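Both of the next two complexes hold chain A, though its partner changes from chain B to chain C.
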Partner chain A sequence: MSNLFHQDVLTALISGGVIAGIPLLLAACGEAISERSGVLNLGIEGMMILGAYTGFVVAYYLHSTWLGFLGGAGGGILACLVMIVLCVWLGLDQIVVGIAITLAGEGITSVLQGAQFGTTYPRLGATPTTSIPLLHKIPVIGPGLFEQNLLVYLGILFALFLTWFFRATNVGLNLRAAGEKPEALDAAGVSVVATRSWAVLSTGALAGLGGGFLAIVGAGVFTPFMTQGQGYMAIVICMLGRGKPIWVALASLLFGISLSITTALQLAGIEISTDLINMLPFIAVMVALVIFGRRSYLPPALALPYVRGAR
Partner chain B sequence: MQGPKEKKLSMPLATVLVLALLALAGLVAGCGGGGSSSSGSTEATESTEGEAEAAASGEEKEEEGGGSGSSVEKIAIATPAKANDYGWNEQGVTAAEKVAEEIGAELEQTTDIGYEQTETVLRQMAEKEPGLLIAQASGYDTAAKRVAEEFEVPTVTYDIANEVKPGILTSIITSSQEGAYLAGILAAKTTKSGKVGVVISASDTNWFEMTGGYAAGVHSVDPSMPISFAEISAEGYDDAAGGKRVVTSMIAEGADVIFGMGDGASFGYLQAIETANSPNKVWYIGDIGDMTPIDKKGVLLSSVLWTFDTAFKTFVEQIEEGTFGKEAYDLNLENGGISLLKTKHIPSSVWSEIEKAKKEILAGKIEVPEATTIGAAKAALNE
Partner chain C sequence: MSTVPGNELLTEVEVPNRAGDRSGAVGKAIDTVIRSLVPVLLALVAGGVLLLILGHNPFAFYSSVWEHGAQNKAWQESAKRMAPLLLIAVGLIIAFRANIWNLGYNGQFLLSAAIISGLAPSLVNDLPLGLAFLILFVVAGLVGAIWTIVPALLKAFYDTNEIITTLMMSFIGVGLAQILIKGPFQDPSVNIAQTKVLELDKMLPHIPGTKVHIGVLVALAAAVVVYFAISRTSFGLKVDVLGANPRAARHVGIQVKQLIITSFFFSGLLIGLAAAADILGVWGYIRANWNPAYGDTVIPFVFLARLNPLVVIPFIAFFAVLSTGGTLATQEVGLPTDFLLVLVALILLFMTVIEFLGRRRSLGQSYLTNGLREALRLPGRKKDGAAAEAGETPKKVAR
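And then the complex of A and B:
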């Protein structure tokens, strides 16, 4: 029978769930920023895969996890510049451009990976972790939750920061106004275009960072199409979390932990259909949607380009 | 305050920009990794425009006898992913290259076409009238069958043994469970922890069969040996992060020999094994291809190899003899289509036992179970 309740196994499962949730958390927080400002960013999958590629390349050649994360953010920023120019500045259709960015991101990274690592598939090895004093010594959950890569803690702290940022800062309020009543923001003397541009730029950086984390920590290798639709999942989680960073973070981590539970159920040899087990993360998200979805909220100006004077 | 002057952009320019972006996306996605592709997305467009022409060429073929009895001057192969995956796609293309070279035929390889434009790409390839068209994915079966019938080009599909058609369509089926059985013996003989594992990245019939064969092989050595099993997700073929996550948990649970099946996810398995924090050395047994060139840390114990050379060569011979498409081709231990990779990490005594088991399978003394469903595979694991 399974050793499922052995401390090492539980630690691995918890740790795996957290690591699986962080790329989603970062990308979904990015999507929240974008949507709050009125830009529906469907290109987040492409930004993630570009971030995964650039992050992996930088980490591999410079032998630095942190420079790799920066590289990942840079890759996401590069991809989102297209969205800024075409959607925010020129007012083109956000859905079409978002899908195009995703397709291009997947294709470009596939070509580059094939040319660069197509016969070697280098792996990065283990990444450094940071132990939270005392907490990491708690049996079972300690090592799983409090002995992680530093970016895990920073990601969770960022979700808290973002909550405060949206509520209590002028920039945050401006950003929300760009999605709620952009004409009011414009009338108040704040550039809607500039506000949305910065918002989308942040989204790109966060999505790229999430992709970088996925490649560097999550997999330790870059393979084409490795994001596996996580960008779209981030969009769903953002909407499910009503664009509120705390909810977004919780939903992301719930999804990651659910993935680990599917592994645990299989390793335990529990006689449930594997198909059903693999549906668990999605069922968890759907149940949460049923419970909280009625209060879901989207900014009125979401996906609408801002044109001064237009009615 | 600056107003959004850019909004006054004329619509034609806006349309051009969107179209340009979409064209770039399509172009790049279409040739993603297809460095070896000689018929990229550009020609795929021509293919859809030239259906009348295609029908005409099909008629011409009919007059010539549908390709049967003619020598093969050109082989075409289409693969869903790039041919550098140390797995399914690479094995297919490598075999096609080998056979083409052997018979002096031209080879057209169109790689990394995914599953969305299959019929368009296969039509385009069939229009060029290859002597043999290989649709290297069971996911191409429906489209490949349709194209083969329309253009009457001898076409190879997978796993549809009951749909072969003389002169037109054949199919490769596999007895990969036989190789997995040998891998199971190897795993059971190698483990120090007394527990082995098997991981698949997706719900795939071939992988269920190999899981069942592996379980039977393990239990032939030790009927009580526990086997950890996990599937990443229904379609996690390229989920390297998922592969690493699942295998890390499996190793923590005590498995120290892991048989892993799964395209891009395999690199995640390798990463988990290479960075494992385990009291025992953890070994990896791969599938389909040989990952030795990228095994820098010496964790690759073996691999259940799928080799298509003989199958493709047989098809060429069948076309020349006019017997193509009369029956499906079974990739198995007997014809060398399935084999177990011998590495330096396998002790000779263990290899001798594997050889002995192989002979017994070939002699019919050992009957390897064929688990075609996840339920049957799990039943084999728990036997």
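And then the complex of A and C:
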């Protein structure tokens, strides 16, 4: 127990937490966009795993981390197109389609992985990191926070951008109106369907990017079912953060730490069952829901297809 | 867009009459069959195309599925597979009818399975076999039911979204099952993380003349019992009222909170029984990291059967064949068995599309109760009455 607070352990904890938190952050920010526009995206788990697969494959064959990230976003977009057509355009049930996308994503990536690599799981090399001058030399928190892949900083900046976007831009206000009171948006002459389509599209891209980050930077390998419920965690994080990007980002990093705590504890020489550790984030979610559940907020028009002129 | 007016959604609550008006009983039956079977057929075709792309012969694959799933003695394997699938399906039907998305089936199933596997070896030796099985089934059911309590209470008292809570509890349940298997229930005589294996003569007896264990009969009986409970008792009526419109339920004096907790309870109970039937009838032990995820694959069939516990039986039989035959067939051609998951997802997607076309052409009955769509609305908002209203008129925002 004595070396739990040793410098290396804390560094590993923070660094691992950030790396594990970024996929959650991206996916949860994506979910926030989608939910605030009135589309409940339960398929985010499927979009993440598809993004993880496509991202890994692109990075593996083209030997480029950044093309891999692009590929991940592309995979997420591919999965969310289904959702856009079925849920936004045709107004079909968002829960059923979401479950279907998740199952399809998990199944198809496992099949493709098997068809491509058999039972071998090739690994990617270490990914490049960008150090922020001076700051990365701060002991303990420096290497964890300021010596990471560039996408880490971009992801955190994106959460800040999203706050500003929701609050201060026309498009952001339209997007929120689509979730709060779609008929008002329609009356103002803005297409609800188009607004929601773009929202879901960006959700797919972000979730796919998150999945890609998970496979390329986080794990360096693609294994079937590797997202292990992180998409659902992103939904919870988004709910608890009330759709506010800053809170969503903070909660993501917190959950990232609880995801990465295994490695840190092993470094500290503490042997705890990994099953117990893997349960921690979900227990944390349940505790958070029990305590804060009443205060979580979802837009009124969430999960309701918009039909012009309906009563 | 204009083809999905909200008031059509509204009329879907009283669908049986409407379909009857339109085309008579025969037409209605044909409509229903079309809407139930077409998604499955389309999914098989699309799956075949996917097989072609992956360089396999779809016809050979599907005939191999049939051969390994139904021909000769293989049907017995499929019948055994039906037991857990059917029990889970019936458990989900209770919850879905009450407008509750119990998506925590994996955790409820695995936790029950782990506890059963841990208790069974000593129980079957110490007690008369019949009594031991009775106790084990009761324990399994209770474990499944208890695992729904936290989501049930949160839903009943705080109106917290049960999709999220049941999923979280599911992950916790799966983890807890692993800890139990690797810890207290570990068979000390082997190096692999698994429980003690039941001897063959200490497992559920077979139906005479077959190799099918009697758990299948338990499952069929459960389906019939639940059918009568839902269609002939006040409990069933209350559940349907709650599912259709929570506000109406409260207005006619139904104890909504109690009913939510009870529906959750029975849903979990049946899923727990599924674990007992599967472990005591087929496997005899449980290995760490074993997760058949039966529930994921059952969901589309529950909807296709329109939440009817008897209609779901043939669908489950079909999937049992596809699942037993498909597992072997995929292994034969060197595909991951997760290919079956793709088929299931395709069925779900085609189901929603057929649903759309059906709504457009007023074909038969909808898959989902209106209330079920509303299950989502919302955690943390007290005005569930207003939300229910929004369910009937999809555009009207609850405020």
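Worth pointing out:
Methods note: the second predicted complex is superposed on the first by the 264 of 311 C-alpha atoms of A that agree within 3 Å, B and C clash if a C-alpha of one lies under 4 Å from a C-alpha of the other, contacts with A are read in each partner's own complex, and residues count from 1 in each chain.
We adopt the following convention: contacts are C-beta pairs under 8 Å (C-beta built on N, C-alpha and C of every residue); 3 or more make two chains touch, one makes a residue touch a chain.
Values in this document were obtained by computation on a predicted structure and should not be read as measured data.
In the superposition on chain A, contact is made by A:275 with both chain B and chain C. Once chain A of one complex is fitted onto chain A of the other, the partner contacts of A:303 are limited to chain C, with no touch recorded for chain B. Within the superposed three-chain model, A:246 lies out of touch with both chain B and chain C [touch as defined at top]. Within the superposed three-chain model, A:171 lies out of touch with both chain B and chain C [touch as defined at top].
Of the two partner chains placed by the overlay, neither chain B nor chain C lies in contact with A:157. Once chain A of one complex is fitted onto chain A of the other, the partner contacts of A:235 are limited to chain C, with no touch recorded for chain B. Legend: residue contacts after superposition of the two complexes on their common chain; A:100 is shown touching both chain B and chain C.
Of the two partner chains placed by superposition, chain B and chain C are both touched by A:108. Of the two partner chains placed around the shared chain by superposition, chain B and chain C are both touched by A:86. In the superposition on chain A, the residues of chain A touched by chain B in one structure and by chain C in the other are 82, 86, 89-93, 96-97, 99-104, 106-108, 110-111, 113-115, 118, 193, 224, 273, 275, 278, 305-308, 310. For chain A in complex with chain B, the touching residues are 1-4, 6, 8-9, 11-13, 15-16, 19-20, 82, 86, 89-93, 96-97, 99-104, 106-108, 110-111, 113-115, 118-121, 123-126, 186, 189-194, 214-215, 218-226, 228, 259-260, 262-264, 266-267, 269, 273-275, 278, 305-308, 310.
Chain C meets chain A in the complex at residues 1-2, 4-7, 50, 54, 101, 103, 150, 154, 158, 160-161, 163-165, 167-169, 171-172, 175-176, 178-179, 182-183, 296, 299, 303, 334-336, 338-346, 348-349, 351-353, 355-356, 367-368, 373, 375-380, 390, 393-399. Residues of chain A that touch chain C in their complex: 40, 42, 82, 86, 89-97, 99-104, 106-108, 110-111, 113-115, 118, 180-183, 193, 224, 229, 232, 235-236, 239, 273, 275-276, 278-279, 282-283, 285-286, 289-290, 293-298, 300-311.
Those residues of chain B that touch chain A in the shared complex are 1-4, 6-7, 9, 14, 17-18, 21-22, 24-33, 35, 81-82, 84, 86, 112, 203, 226, 228-231, 233-234, 236, 238-246, 248-254, 264, 267-268, 270-271, 274-275, 293-294, 374, 378, 381-382.
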